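Paired with subunit B in one complex and with subunit C in the other, subunit A is shared by the two complexes that follow.
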Partner chain A sequence: MFRSRTFLLAAPALVILALLPLGVDGYILGLLTLAYYYAVFAMSWDLLFGFAGEVNFGPSFLIGVGAYTAALLNHYWHWPIPACLIVGSLAAVIAGVVLAVPALRLTGPYFGLVTLVAVLLLQNVIVLFAGVTGGEIGLDLPDVLAIDDNTNYYYALSFMTVSGAILYGLSCSPVGLILQASGQDAVEASALGFNVAKHKLAAFCISAFFSGLAGAMLIFYLGTASVGTVVDIAVGVNVIIAAVLGGRRTIIGAAVGSIFLIGAGEILRPLGQLSTFVVSAVALLVILFFPGGFLGRVLQAGGRE
Partner chain B sequence: MLALQILIDGFAISSLYALGATGFTLIFGVSGVLNLSHGAIMVVAAVIAWAVAGSFPVGAYGGALAGVLASLVCAFFTYRVIVRPIQDSRAIPKEEKEIFVLTATLLWGIMLQEAIAYFFTNNPKTVRPLIDGVIMIMGVRTPLNEILTAALSWGVIGLLWLLVNRTRTGKSLLAASMNPRGLTLLGFELSNIYLLVWAIYGVLAGIAGVLLGAFLGVSSDNAGTLTASAFSIVVLGGLGSVSGSLIAAYVVGYLETLTAYLVSPSIRTVPVLLLLVAVVYVRPQGLLGRR
Partner chain C sequence: MTALLEVKGVTKRFGGLVANKDISFSINAGEILGLIGPNGSGKSTVMKCIMGIEKPNAGQVLIDGVNVAGWPTHRIARQGVGLVFQHSHPLQRQTILEHIKLALLPDNLFMLATDHGVTRRAEEIAARVGLSKVMHRLPRTLPFADLRRLELAKAIARNPKVVLVDEPFAGLTAAEVADFSQLIASFRADGHAVLLVDHNVKGVAALVDRVFAMYLGERVAEGSAEEVMRNETVRRVYLGGELKLAARPERDGKGRTPLLSVNNLGVLYAKATALDDVSIHVGEGEFVSVVGLNGAGKTTLFNAISGLLPYSGAIAWRGESLSGRTPGSIARGGIVQCPETRELFGDMSVRENLDLGGQHLPPAGTARQLEWLFGLFPILKSRQNQAARTLSGGEQQMLAIARALMMQPKLLILDEPTLGLAPVILEQLSKAMETLRQTTDITVLLGEQNVTFALPHADRVYVLEHSRIVWEGGPGRFAAEAGAGYL
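Then we have the complex of A and B:
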């Protein structure tokens, strides 16, 4: 694994990212911090789509459940942050299981639709119980991860590195191969004696765990939980775009895609409203002309690593 | 009184939903494409109709025509520039084509939406109604335009039915949805048929968009919701089944109207979503689906 192309690419990049706070101002660090949390969203989505072959249109359902559980615990009962993070990510896993057990019987567009509907329902519930959840305005949190930009940056960077390593390791493991097989040909995979449903459920749980944890950490970084930042369909769309843009089935590509997406959105900010247009156009061009994404060609040139 | 109001409003809304979803389901039935830029194309039609009728002396009808033309152009563009290249691409594995088409049309929809917001702002716009005036139906004030909306929707759906079931071209569409390979073996050019389907789709989505703009008003922010509601109706009715979509459009339209009038307009969509989840779990192929 240490000789693999992914590692050779990722290690120097991480070293550079870790040295960034020495020479870059707080504003850019703040952007990158946000991008790292998005990277975890996109990587866990890639595990589900790229490997298990299930299109989850509602990554922000899992993210939102994790984030709002943590936010409510912190806001009303003043639980310490680590406890909120643990319970938040567990809640995301439970929500993931509740969603996945029946939904995995469905395939293709139906599975996608159910996950999409789950997001819409969660959004409606949050807005309906605005008295408890803060509704559209959001819920402010008494605690934050850290006030200092550098500390926040390192929290996010190390979180992304650890989750990325776990997810990537998982995708290269035998379990990852079984997932990939069941994503490509479920009938043949089960004929070989693998329990497809069990593996897909496991992938869903892992994806839910990291999404929920990242969602919970994101709101403690931002200091507030709102529908627009963790639940809205647009969040999910961004996650999907990032993962496909970076290169599906690469895990690391999803992180690259997220950093690109957040960075591009910022660089194009002078364009005002047109910036979303340009980002979508670039993403569309990449999908049309380089379906493998940024990393697809680099990493998969020689087949399996 | 309230019951009648719900009956009339629900009918008009449902007819519009039916028209919007018919195009969506037609594309899926014939070429297997779920077009996630559907809502954005409807918004384009409505906003162009609004802009043309507002800035040129062509009247409401000229504006509506321009809107439908704009939608037709968008539909062709969607097919030729986005969907077709993905379907023909060799770099994308076959089993992943579906997700690529979904992602690409989603992005294209966002682009359309943003372009509209940039040039025309995202304020809600109400297209000038094709006819003015109000009549009383058993004591309920009903704008004539609402009746026209329902009538036009059904007129267009009726024409589509005639086209598909009574003409040679229409029958080739039907055949393409059943067995595309068989059709090519009979000497039909499949790509011409797909072009025709997208043209029909463009006209349907355009009419639906313009009528929606005149009935409820449209903002570029509505694009996502419109796509989601068409998607839900189509899944509820059974992917690819036109009659299923028509029934589902009425179920959804009336359920929303009932909720809005009897409970609260703010939870208008919630019962539909719950029903959708229930139907997908119990009967994934939808009400009249074939699979």
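Then we have the complex of A and C:
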């Protein structure tokens, strides 16, 4: 693994990212902090899409459940942040299982549609119970991860690195291989004796865990939980675009895609409304002409022929 | 000795269609059984019922004495059944060796690393199937035959008691067939029970100990390959009983003006050769049949003509090349295909399906055409308002043909209209064909594996076998010259 092409690409990149606070101002660090949390969203999503072969149109359902569980615990009962994070990510896993057990019985586009509907439901619940959840305005949190930009930056960077390493390691392991086989051809995988539903459900739980945890950490970084940042369909769409842009079935590519997406949005900010348009157009072109994404090509060339 | 695989009274229904009716057979250790039947006979369904991909409605499937009917596929696999798939869907980024290792893995969520023994066993298996030299390569860099070897390797890795092989030799060259036969025979030598599923006896005769023949979901014969080939019912299924030929009155100029000519056509599916150097021609007003078993390349030929596939070689329509034209433009030019799968709009009524076919006609023309078609297929008239999906198989086929005729084609391509139809329906269809042939000047290109249906109406016959045209001639000479090679 340490000699793999992915590692050779990732290690120096991480060193550079770790050194950034020495020479970059707080504004850019803040932006990258946000990007790193998105990177975890996108990597968890790629585990489902790239490996289990299931398109989850509602990544923000899992993110939102994790984030709002943590936010409510902190806001009303003043639970310490680590406890909120743990319970938040567990809540995301439970919500994920409740959603996935019936949804995985469906085939084709229906799984995706169920996940999409789940987001809308969650969003509605939050808005309906605005008295408790803060509704569209959001819920402010008494605690934050850190006030200092650099500390926040390192929290996010290490979180992304550890999550990425776990998810990537998993994807390269025998379990990842079985998962990939199940995603590619479920009948063939089950004819080899693999319980496809079990493996896909496990993948969904892992994806839910990291999504929920990242969602919860993100709101403690922002200091407030709101629909617009962790639940809205647009959040999910950005996660999906980032993952596909970076390269399906690469895990690391999803992180690259997220950093690119948020970075590009910032660089193009002078264009105003147009910036979203330009970023979307780039994403569209990449998906149309290089469906393998940024890393798809690089990693594929690494295959022994 | 108890049988390793015992199928007892398996019945499988899809809605009203009985795909398997009370099928029973058994395979002992060290025995190879050939399960044969023409397209639509239900042999694949039997295989799927054994593997648990389909759940039988009734009956038992005993693996070494344990009834697994109704179990999920992965449990049946673990009980000792392996399936060698005809088409492989290998992972793109994993090497051949990694694919074999995958098959060696236990179904465990906490397998984070494999030990060295797994790699060594995977290498041994690669050597056994002849993949040693290429085991570190990616699947997409390998020829078709090696991908099939990989499927065999995966089955070997699981060391199943019962091995099911789906169309063992499809798409392979003669030399590769010999290699594969040896590998499959080695399963028998190791004491596995092997089921070979194929279209005809000929392909598997050299390898099998016994043959079980099916037709329309039912058992028609069982015994040694020679016995089954001699069996009257089997001969009738594949060759037709006595061939009734209806020579139609010669017409001036019939077949003289070339309408369609196909020259040196070649088609590749990924790496498998689907058509190889095929040349046929159809003259104006001619009724030409292309007979061949499932997998011979008939549908591929028709799809190439309809512009649905990339091909090498040339296809000309009234002397003009069709290359570069879209399927839509080819259809508007007068070549209308009635596909094997029928492609009806199931939720629309019979009438709506027909009206769609007649979109381009003026209203008066539509009415006239409809009336003529209702004369040809009277049953459709009484079913006008019924949804297409509620029709019986035979009625659906008539509707598909009628819809194609609504487009007033110059050349009507019929791809296996008899697929899965009962004999009584065949007769009705046959009559309609005859009426069409006697009363109109339409040109027809018919693809069939059912010779009884294909021959009586044909002016000329081509035999397509393993992607090539192997015989051409009049229907009268078929039985004598080409019939024997067809069983």
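Note that the second predicted complex is superposed on the first by the 301 of 305 C-alpha atoms of A that agree within 3 Å, B and C clash if a C-alpha of one lies under 4 Å from a C-alpha of the other, contacts with A are read in each partner's own complex, and residues count from 1 in each chain.
Going forward, a contact is a pair of C-beta atoms (placed from the backbone, for glycine too) under 8 Å apart; a residue touches a chain by one contact, two chains touch by 3 or more.
No experiment lies behind these values; they were computed from the predicted model shown.
Engineer: Looking at the combined model built on subunit A, do subunit B and subunit C fit side by side or clash?
Structural biologist: Overlaying the two structures gives a clash between subunit B and subunit C.
Engineer: See if subunit A has more residues touched by subunit B or by subunit C, and give me that chain.
Structural biologist: B
Engineer: So, does A:Thr224 touch the first partner subunit B, the second partner subunit C, both, or neither?
Structural biologist: neither
Engineer: May I ask you to decide whether A:Gln184 touches subunit B, subunit C, both, or neither, giving the answer as first, second, both or neither?
Structural biologist: both
Engineer: Just checking: does A:Asn124 make contact with subunit B only, subunit C only, both, or neither of them? Give me first, second, both or neither.
Structural biologist: In the superposition, A:Asn124 contacts subunit B only.
Engineer: Have a look at where A:Ala202 lands relative to subunit B and subunit C in the superposition and call it first, second, both or neither.
Structural biologist: second
Engineer: Can A:Gly193 be said to touch subunit B (first), subunit C (second), both, or neither?
Structural biologist: After superposing on A, A:Gly193 lies in contact with subunit C but is clear of subunit B.
Engineer: Quick one: is A:Pro174 in contact with subunit B, with subunit C, with both, or with neither? Answer first, second, both or neither.
Structural biologist: second
Engineer: A:Leu106 contacts which: subunit B (first), subunit C (second), both, neither?
Structural biologist: After superposing on A, A:Leu106 lies in contact with subunit B but is clear of subunit C.
Engineer: Taking the superposition as given, does A:Thr161 touch the first partner, subunit B, the second, subunit C, both, or neither?
Structural biologist: neither
Engineer: With both structures aligned on chain A, tell me which stretch of subunit B collides with subunit C: 19-27, 145-153 or 181-189.
Structural biologist: 181-189
Engineer: Could you tell me which stretches of subunit A are touched by subunit B in one complex and by subunit C in the other?
Structural biologist: Residues 184, which sit in both footprints.
Engineer: Spell out the part of subunit C that touches subunit A in their complex, as residue ranges.
Structural biologist: Listed in rising order, the residues of subunit C that touch subunit A are 51-53, 72-74, 77-78, 82-83, 85, 88-89, 91-95, 98, 101-103, 105, 107-114, 136-138, 141, 154, 158.
Engineer: In their shared complex, at which residues does subunit A touch subunit B?
Structural biologist: Residue list for subunit A touching subunit B: 49, 53, 55, 102, 105-106, 108-110, 112-114, 116-118, 120-121, 124, 127-128, 184, 233, 237, 240-241, 244, 248, 273-274, 276-277, 280-281, 283-284, 287-288, 290-292.
Engineer: Which part of subunit A faces subunit C closely enough to touch in the complex?
Structural biologist: Subunit A reaches subunit C through residues 169-170, 173-175, 177-178, 180-181, 184-185, 187-188, 190-196, 198-199, 202, 249, 299-300, 303-305.
Engineer: Please name which positions on subunit B make contact with subunit A in the complex.
Structural biologist: 34, 82, 85-86, 89, 91-92, 95-96, 98-100, 102-104, 106-108, 110-111, 114-115, 117-118, 224, 228, 231-232, 235, 239, 266-267, 269-270, 273-274, 276-277, 280-281, 284
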